[in-house]
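Take a look at these structures.
Both complexes shown next keep chain A, but they swap its partner, so chain B is in the first and chain C is in the second.
Up next is the complex of A and B:
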């Protein structure tokens, strides 16, 4: 394969922007087709890139223009970048495919096309966050991601969603602000914005001992800023309201993709800007670890207290974000592998949960209280099965991705210091029990004998697209759960190249 | 609350009888699913016992919120103080602002921008050269930030209902002779000035962002003076979208071409030209025009959406 493939990320980014602009003029159905084909095309193109980079066994810097770093913008095309670009495109494709029905029911027809415009913009923001070799370009596309996800949330247009998205916006902008402060400080003490030069300058600064406090401040501001944007405990409070009120498709995209993009960008920051050794000297990872571990437990406790299906899944989302940051704080090699694996796991599981939940709930006349969902699994067999598979994966039963993720966390814990080992194992044990509590309750509830026949309201007829999307979510989950070796090896290999 | 064994407690939890979100006794039955949220929210019935819920909410507000109100200001002051001290300490340790030998001012990046910027980009205004040539990808992102914001505001505010408030204000304004006369004199000048800033962005201070903002403010003034219907003759929702779309498409595709050429070591057909000429500096002038269009449309679009609910 020729090196022409290396142009594909640029083409995909531009194509996303073009599709977003064109989408504003299209009717809803056409905008949906455009978004779906765009995500599929991104998946295919990035797969080619992945094959090329994997074959070459190295990373490539791609100049955006005639000037190399440190003067012009750049992309960095590597194995992990391509892997996550693929995963994000795939999840967006499946979420849009399976999430048509709730969108059609809950969104005003005149505004439907804007949902797809925003989905295109989320995709481009994620692709740039994955590929950018420039800290400030990352910030610009973080802004796009924030605004687009806000649009995706409030498209339902009732008072509660507007309120919830305002809350989300406040949290998210706090995170953006902290991140920007961090970048400004870093630019002030190094004079660079592109990652390779930053890394060099940071190495020199650390060796000379100059600007120690500003550097520490900028690393912590960037890390905490991205963590706030991901919704790490204690900044997870927007999740329950937002995901509880938004269209389930929006919740799927937000929880499955947007919050993960920031976490991946933090991994890029750790490796490409500070370098893992310098990052680990700063001590910020301990803060992330503590917040993550607390988030895992508090998210699960929140989920147990909920009687509302969407809000329960939202709190579970907060717990999973906790896992990711716990892994980032655990250790540079195995901990990060576990965190990256967990990003993939959660991106593939949470949208399935939201979409299945919306299906089950719609079938029971819009019920969201567990009591009223009794027997939903019988009336909506496909959604019941997909929900169960995803719930099993979240609990961490064998033969699902969740099991592998917990195994990787356990493995990573044994390489870390003793307090972290004890804490990680404790958190894993407690959270597994708590997860089982609330997911088993839901699964048992939807498979209990139904109390009353379902209400008249029927889900719309586009069942095949949902069945295909849900089946793919479940299949990938189980397939990776059984054959996890190649993927974990790939993550480790990608990290070693980073 | 009666004492439960663990088994009973588990059963009650499973049945959803325990509601953690509602503290203490005395709360009326919370409204059912449909009222809480979710798919059925569109046809949500009114809560059964409205007065009781309101009474409870009032009691809750008095008791819990009083505590919250007392703690909240203290916490705010505390957190803001901690963050301020932290950031102030950072600022004191940063390199002095404005001095020539700081890392940011003496890096090779800045040196090349200043020394070779003119010959490499052809732009007399180095800032334009940096944002539209060296770091053009960032600016491409920035203009799409505006586009995203405009779409988000459209999602929030696009409605068919006219807002009576703005109608009343408009009636007053449209009869205002001072506004009309001033507008008639000033609007052409402001427009001309805006166009000048956009066109000469590569020759002197200015560019698409600032010029677009000036043009947008002229449009807003025009709409204030003569009513949005007059603006809508030239710029309705459809033509608004088409204009923004054309500008963004041109920007994306032109930059895609130039990025592609740059990355693959090809020459573009847009050379730097003779610095100082209007038609010089390669793509910077057309890109400034595109950015100016997007910014002007976004500015006016925000104004129109917030006042009229449509463009």
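Up next is the complex of A and C:
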């Protein structure tokens, strides 16, 4: 394979933008085909890139235009970048494939195509966040991602979703503001925006001891800004309203992809801008760890109190974001491996939960309260099985990805300091019990014999696309849960190359 | 300390403006004031960027009179970044304004607490 493959990420980014522009002119069905093919093509192209980079065993800097750094703009093409690019494309593909029905039911016919346009824009933003080597380009695409995800949320167009999107946008913009200011301070003290130059300059600054306070401020602002955008506790309050009101497909894309993109960008910031050692000297990781640990517990507590299926899953999302940031704050090697694994786990699980929940609820006449969902698993067997599989993975039962993730967190905790070890184990134990409680409650409820058949039962609709997407979500989850070795090795290898 | 603050007075002002905008965006309950806060916040960031990009006594970065030495000109990059940033904040403001307009048409108020109350009451009526 020649190095021509290294052009693929840029080609995909441009293609996504073109498809988004073209999609606005197409009818809904055609726009959907374009989006699906785009995600599949991205998956295939990035897989080629991944094979090439893995074979070469090194990372590549891809110069855009003819100017070398520090003047030009660059992409960085490495193993982890390609792995996450693939994962994001795959999850978007499966979410769009399985999420057709709620979109058709809940969105006005004339507006459907815009959903797919926004999905294309989310994909391009994620690809740039994954690959870009330039902080300011990162900022611009963070904002594109924010606007596109806001569009995805408000596509339903009723008052409550507009309110929820407004709330999401406000939270998200405070996060971007913090991030932008952090980047500007960093640019002020180093004079660079490209990551390789920044890393050099940051190393020199730390060695000389100059600008210690502005540097600390900048690292904190960037980290907290991205954490706010991911919805880390205590900034998770928008999640329940937003995911509770939006079209389930929107919630799937937002919780599975958008919030993860920011977390991955933070990992790249830690490795490519500050370097793990300097980041760990700053102490910001302890703040992230504390917020993450609190988020895990508070998210689970929120989920237990909920009586509404979507809102419960939303609170569970807040808890999973907590896990990711807890891992980032835990340690530079194993903690980050656990965090990255958890990003993949959550990206593959949460969309499956939202889409299955939407099927179950639609079958029971749109009911979302638990008592009205009784027996839904019998009427909608496929959705019931997929929901159960995803719920087991969230709890962390063996033979699912969730188990491996909890195992990795435990392993990482034993390499960390004693207070973090105790706290992590405590949080793991408490959250597993709480997770089991609220997911088992739901699974038992949907498999309880219904007292009387629901009056508003919708006629059975054959939906092969949903069956395939849900089956793939569940299969990947279980397959990785059983054969997790190669993936965790790959994450560790990718981190060592970073 | 005061000396440092005075030397970097524009940056200090930018930080204060940023804090004002940030708290308004996050805490004010009125949507219009939130949008104004957002713009103050973004503008403060651009003020900071512009102020560090300007070096006194140097020329604008346009090749003139055959002076090819880079040290005669200011760095053009901050200005470019500010332009990009302005485009971003204009589009974000536009979207937020459009959302506010729709909320106003639906609920006849711009106060978020009132909107929450109405939504809550509607939800209870639905049950």
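In this text, the second predicted complex is superposed on the first by the 491 of 498 C-alpha atoms of A that agree within 3 Å, B and C clash if a C-alpha of one lies under 4 Å from a C-alpha of the other, contacts with A are read in each partner's own complex, and residues count from 1 in each chain.
Here is the rule we use: contacts are C-beta pairs under 8 Å (C-beta built on N, C-alpha and C of every residue); 3 or more make two chains touch, one makes a residue touch a chain.
All values reported here derive from a predicted model rather than from experimental measurement.
Undergrad: Quick check for you: in the superposed arrangement, does A:180 touch first (chain B), second (chain C), both or neither?
TA: So A:180 only meets chain C here.
Undergrad: Identify the partner contact of A:213: answer first if only chain B is touched, second if only chain C is, both if each is, neither if none is.
TA: In the superposition, A:213 touches chain B alone.
Undergrad: Looking at the overlay, what does A:378 touch: chain B (first), chain C (second), both, or neither?
TA: neither
Undergrad: For A:105, using the defined touch cut-off, is the partner it touches chain B, chain C, both, or neither? Pick first, second, both or neither.
TA: first
Undergrad: Who wins on chain A residues touched, chain B or chain C?
TA: B
Undergrad: Using the touch definition from the top, say if A:143 reaches chain B (first), chain C (second), both or neither.
TA: Both partners.
Undergrad: On the A-aligned overlay, A:11 touches which partner chain: chain B = first, chain C = second, or both, or neither?
TA: So A:11 only meets chain B here.
Undergrad: For A:163 in the superposed arrangement: first (chain B), second (chain C), both or neither?
TA: Only chain C is touched by A:163; chain B is not.
Undergrad: Can you list the residues of chain A that meet both chain B and chain C?
TA: On chain A, the overlap between the chain B and chain C contacts is residues 136, 140, 143, 147, 150, 154, 160, 162, 181, 185, 187-188.
Undergrad: Sort out for me which residues of chain A touch chain C in the complex.
TA: Contacts found on chain A: 136, 139-140, 143, 146-147, 150, 154, 159-160, 162-163, 165-166, 169-170, 173-174, 177-178, 180-181, 184-185, 187-188, 193.
Undergrad: Can you list the chain A residues touching chain B in their complex?
TA: 6-7, 10-11, 14, 17-18, 20-22, 24-25, 62-67, 70-73, 102, 105-106, 110-111, 114, 117-118, 121, 124, 128, 134, 136-137, 140-141, 143-144, 147-148, 150-151, 154-155, 157-158, 160, 162, 181, 185, 187-192, 197, 201, 211, 213-214, 217, 244-245, 304-311, 358, 361-362, 365-372, 441, 444-445, 457
Undergrad: Residue numbers of chain C touching chain A in their complex, please.
TA: 11, 18, 21-22, 25-26, 31, 34, 38, 41-42, 44-45, 48-49, 52, 77-78, 81, 84-85, 88, 91-92, 95-96, 99-100, 102-103, 106-107, 115-116, 119
Undergrad: Within the complex, which stretch of chain B touches chain A?
TA: Per the stated touch rule, the residues are 13-16, 19-21, 32-34, 36-42, 86-87, 89-90, 93-95, 102-110, 112-113, 120, 133-138, 140-142, 144-145, 147-149, 151-152, 154-156, 158, 241-242, 244-245, 248-249, 252-253, 255-256, 258-264, 268.
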